[in-house]
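As written, the chain order gives the labels A, B, C and D, with residue 1 at the start of each chain.
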Amino acid sequence: MRYFENITDRERAIFEAGITLGAIYHQFSGTPVSPETADEVARCIERAAELQPCVERAEVDIEVEENDTDNYGGYTEVSGRNLRVRLVTRCGDWEAVARLEFVEELNYPLMWIEEVRRVRD
Amino acid sequence: MRYFENITDRERAIFEAGITLGAIYHQFSGTPVSPETADEVARCIERAAELQPCVERAEVDIEVEENDTDNYGGYTEVSGRNLRVRLVTRCGDWEAVARLEFVEELNYPLMWIEEVRRVRD
Amino acid sequence: MRYFENITDRERAIFEAGITLGAIYHQFSGTPVSPETADEVARCIERAAELQPCVERAEVDIEVEENDTDNYGGYTEVSGRNLRVRLVTRCGDWEAVARLEFVEELNYPLMWIEEVRRVRD
Amino acid sequence: MRYFENITDRERAIFEAGITLGAIYHQFSGTPVSPETADEVARCIERAAELQPCVERAEVDIEVEENDTDNYGGYTEVSGRNLRVRLVTRCGDWEAVARLEFVEELNYPLMWIEEVRRVRD
């Protein structure tokens, strides 16, 4: 498509991975979640992410522990501290593997590219 | 709880229904969805809503039709036009039944109270 | 409007306050914010809230301190811990004053009704 | 930073542009807006985006017209149809210019890279 003539397939795989990680984080942060519902919410986020352009596969994990729900509401919410994502995007012959995870040493929910690789079916 | 001494149980059932309808709409609007994933996303919204204070039951329906996905991405998103919610809250002896639905004559995704009733277990 | 015949004006002022508090929390949680931008984001939330039905006035405060930005990104985000809202809704002769604030003893960002009062212009 | 050793500065400028476009869209879609408040909300989105890693400048426009508010609420909301973003990211010697805009022929709010260029201060 003419909109992507400025960049290579490898670069677009990286660009789309960025879009989808940013989308997941900002769409779902704040969603009420408990130990009992964490898996169902994670699957829902995967299904939503996999609809976005170039996304081949999304693996989402929401780590909620019992003591996270020690509060008036008895639940917690999806946040940069409990959300982990591994995403595979593909454009042409290129695949990017991207991650989102809270990195303690950075005190920050980092989004990064773990690997970019050429694939052939 | 002292925070709710200003209002009756009936009023609190109504208040909490409002909170949860507002929460659902603004948390999930924009979520990518397709005819294939609509049910899974609807269940996820129900699970999230049912964690909120006083919510007894949430029934969510996302009406996505094939032609809603006639676009470059091949999917659509949760919005005031396709989201329908029926919520039951309870506080003490009072239950409120609240709804969210796009009302054509208002051209607006209306949130309203369908019924408030006294219950006894 | 026939949709609100089931409830009184007083109840609707309470219902709409709930909607708008839930909306604010779930729309804006996750928004990047710093000590320098907190006021501008707070004003934006006020303007958005004041468009919603029956909302007369919204006062929003986002308390971001320098050490909240001690992380790789150098910023933090709007959350239940730093967001405070005071909202006035009106329906007919009734005004409700609603609040959102993190309550330490509940370890929870509570939404409650501070006052409901009859007003006359 | 070791997390970004897999990719070049040029690629990271592209990646971070993707993250921030995805973030803006999914954070702010659904925000109540009117012709009178559109500029203030746009400025708020710019301030939020400019806090994210590598973002040099964000230019946001929300095109709300009077007839968009012909509904019960008298306002509309930020969406893929009215939101336009131009973003400049920089990593090392590389700048990426990214855009978000509803493209009629695609019937889709497209995010793309308009230009990637080497810069020298």
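Heads up, the rule we're going with is that a residue touches a chain if its C-beta (ideal position, glycine included) is under 8 Å from a C-beta of that chain, and two chains touch if they have at least 3 such contacts.
All values reported here derive from a predicted model rather than from experimental measurement.
Interface comparison, A-D versus A-C: the higher number of contacting C-beta pairs is recorded for A-D.
Using CA-based centroids throughout, the chain positioned farthest away from chain C is A.
In terms of their C-alpha centroids, the spacing between chain A and chain C amounts to 29 Å.
Mean C-alpha position of chain C lies 25 Å from that of chain D. Between chain A and chain D, the centres computed from C-alpha atoms are 19 Å apart. Multi-chain contact residues of chain A (touching two or more other chains): 23, 25-27, 30, 72-73, 103, 110. The residues of chain D lying in touch with chain B in their complex are 25-26, 29-30, 70-73, 77, 79-80, 103, 106-108, 110. Residue ranges on chain B touching chain C, taken from their complex, read 3-4, 6-7, 10-11, 14-27, 103, 110-116.
Those residues of chain B whose C-beta lies close enough to touch chain A in the complex are 23, 27-28, 30-34, 37, 40-41, 43-44, 47-49, 51-53, 72-75.
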